[in-house]
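Please find one structure pasted underneath; my questions will follow.
The chains carry the letters A, B and C, assigned in the order they are written, with residues numbered from 1 in each.
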């Protein structure tokens, strides 16, 4: 018995040491999270651009009112601590709790009655955050990411806050590495490909200032939305079909395949679109709406899809 | 004086009857209690009463921390805001109906809805996420609403040309503001969503501080409208005749419209656009107690307060995890009622 | 004694057209003057001007010696009461309340009616035989009863001048006489000065003390009934051949030339 205990203790100690070493290395690791010093132990105070949140112990009852935050929480291993999510949370496909809230019009009373120990939001309707704060419930606001760095930071903040920092760091690093790998595949010299990224059949697109736009930019393509953007668009201009046809993009990405049932076939049917190079050469790529519009751990998957499509043209 | 005459003077019918007021107040109080006692979190009425007793120092024991928070920091401000907004909108609607001598008049007639919408849009689009801070969007909405009414007033020649001109001017101003709002909204889909939900109306953001912010305007509005109720009765014989009876028509119209608009603007800024309360409640009261505004306005105050609280209760419990936009609930309750009112009217006129 | 109503040189212009051009009219307390004239002569304009319901461009109107122009609405309502041609009928308002509206000028705007107000209304209702309908809605009254109610409302104003615009509109003969008899009685018992416009020339002659014939905005004749109701004057201004017949002291105007029997 004593030997068993001794062995277990040694094992535990070694693991802890190794983990700490890993964390120490990882914390000083390259890139995004090098400027975030994780607290690791509770009670902790985490400061993000949205504010400071105090957690007395690892939260066991988490409510996520953001589909992206839900993806992050499950990816970093905090899924078992999540007791409720919002109605649009749909990934991972299994294992989500049945209690759902409307992220835009949440029933605050019901939310508070659940006695959550952490609520993650990306939208603050009707003073939700101050009401939760008055009830003594910590709220973590994670707005839509502007850059890839935001995504990586959000993943690690959530990891620290939920007691899964090492795993979150690993997830973030893996995403970053995958994206770096994708970018590296782009050949040094290439004729720039003109790309149209569609958010909506009413021809809403994204400029290079946006999250997705930045990913595209790293692939060296020309985003046709950039030329017609104005400050009033806030990064999401609506293109006219006339302009689009004239600019003749060589590739079209569709981020409205699920909401609005768009595909190569529907795009080809639009008046004048059959003339586009992208349509003629069958370079209309359908993306999953959620993957293309969220800023969670699946961003690397998105980048993989974008890169694969683009490389086809550059190399093929 | 002959006996017959004495009998008639005793039965002068436009005076406010005490029993009506008692009934209306009772309705409001019951609605408030129901609103406080029910919700998605099951907290028994007995424990709430016990908590109240404890707070008053007469025994009982307090609710748990979370339950106490839910009842006093979530439900209570919601119920109070619902009473204030419902009462103010009903009185404002009734007052508008009196001034315009039009049963279809509602508090948003002179561009208040469009003005508040534009104000909120400006806050949300221009300030961005800073507009989420408590009190920011409401102030813009309030300012926008008053600005719209002022513009309507000016466009209609300062109201001296009569109610029809005012209504037409209101339509023109509202259209223009709505167009500008749409233009601004195009900038971002999140802005569109945000503004849309704000406009749908909600009591969810009720805080004691927010209530104190709008309370003075609502009080002023209601007090002035109620004081002018007798004058609205005189106005019911038309502008020409009421002038001949000695009523300063333009002054009365200006004051009543200003007061009603102030209240409606405050209500919209606190709770978004909640429709039907301003039309349906005064009508219901009119059906029950007659056409005198002396009765209609006072009874609408309490009736509207209770009605909105009950509508909000429905909004809170019908869909799990969400709160129905309260404008939807008042419409769902209001439309069948309206149909009933029209039907009864047709029967009566036949 | 001051005239109850004194109108001098009343002029109302619209564009470059004169609806009224220098009209004079004086009515003593207890006197009944009826204004007659063809359509468009300016009768309604005159009536609206002297009651302060319409602005005029020239001349002066004195009510019991006070200048109409300077008067506030309330003060004016205490000096002149108006019975419109087609009164607005507020649906559902009881007759008592409707007549009570006439007391608006007698109390400050924000105060409720006093017992005195109520007793004045009760008395007038009794005099005009409306007590039985006091609790009924105004819209349920017959034409004649409704006209009596409007007059009752004007009477409770207790103003020294009563102006009626075509008070017999839409009434059958019996009710026309009813209404005019009521006014006649009131002016006798209370020495109210009455100004009315009337289409029916015979009735005008029967009830008025003096007549004023208006044509194209001008007073073309003013005087006793027999002085004004002459075939020449009426023929000239109405453009119709008429015969004026004397029946028991009352002139009766018969359209058409005298036929020899």
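Here is the rule we use: a residue touches a chain if its C-beta (ideal position, glycine included) is under 8 Å from a C-beta of that chain, and two chains touch if they have at least 3 such contacts.
All values reported here derive from a predicted model rather than from experimental measurement.
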| item | value |
| --- | --- |
| Topology of the chain contact graph, where touching chains are joined (line, ring, star, complete, other) | line |
| Remotest chain, subunit C as reference, centres from CA atoms | A |
| Geometric centre: closest chain by C-alpha means | B |
| Subunit A and subunit C: spacing of chain centres that average the CA atoms, whole Å | 83 |
| Whole-Å separation of chain centres (CA-atom averages), subunit B against subunit C | 44 |
| Of all residues in subunit C, those that touch subunit B in their complex | 51-53, 72-74, 76-78, 81-82, 84, 87-88, 90-94, 96-98, 100-102, 104-105, 109-110, 112-113, 115, 118-119, 121-123, 125-126, 131, 134-135, 153, 157 |
| For the subunit A and subunit B complex, residues of the former touching the latter | 84, 87, 99-102, 104-110, 112-113, 115, 124-131, 134-136, 143-144, 199-200, 204, 232-236, 238 |
| Complex contacts: residues of subunit B adjacent to subunit A | 39-41, 65-66, 69-70, 73-75, 129, 132, 134, 186-191, 193, 197, 202, 204-205, 207, 210, 316, 319-325 |
| Contacting residues of subunit B [partner subunit C, same complex] | 1-2, 4-6, 8-9, 11-15, 227, 230-231, 233-234, 236-238, 240-249, 290-292 |
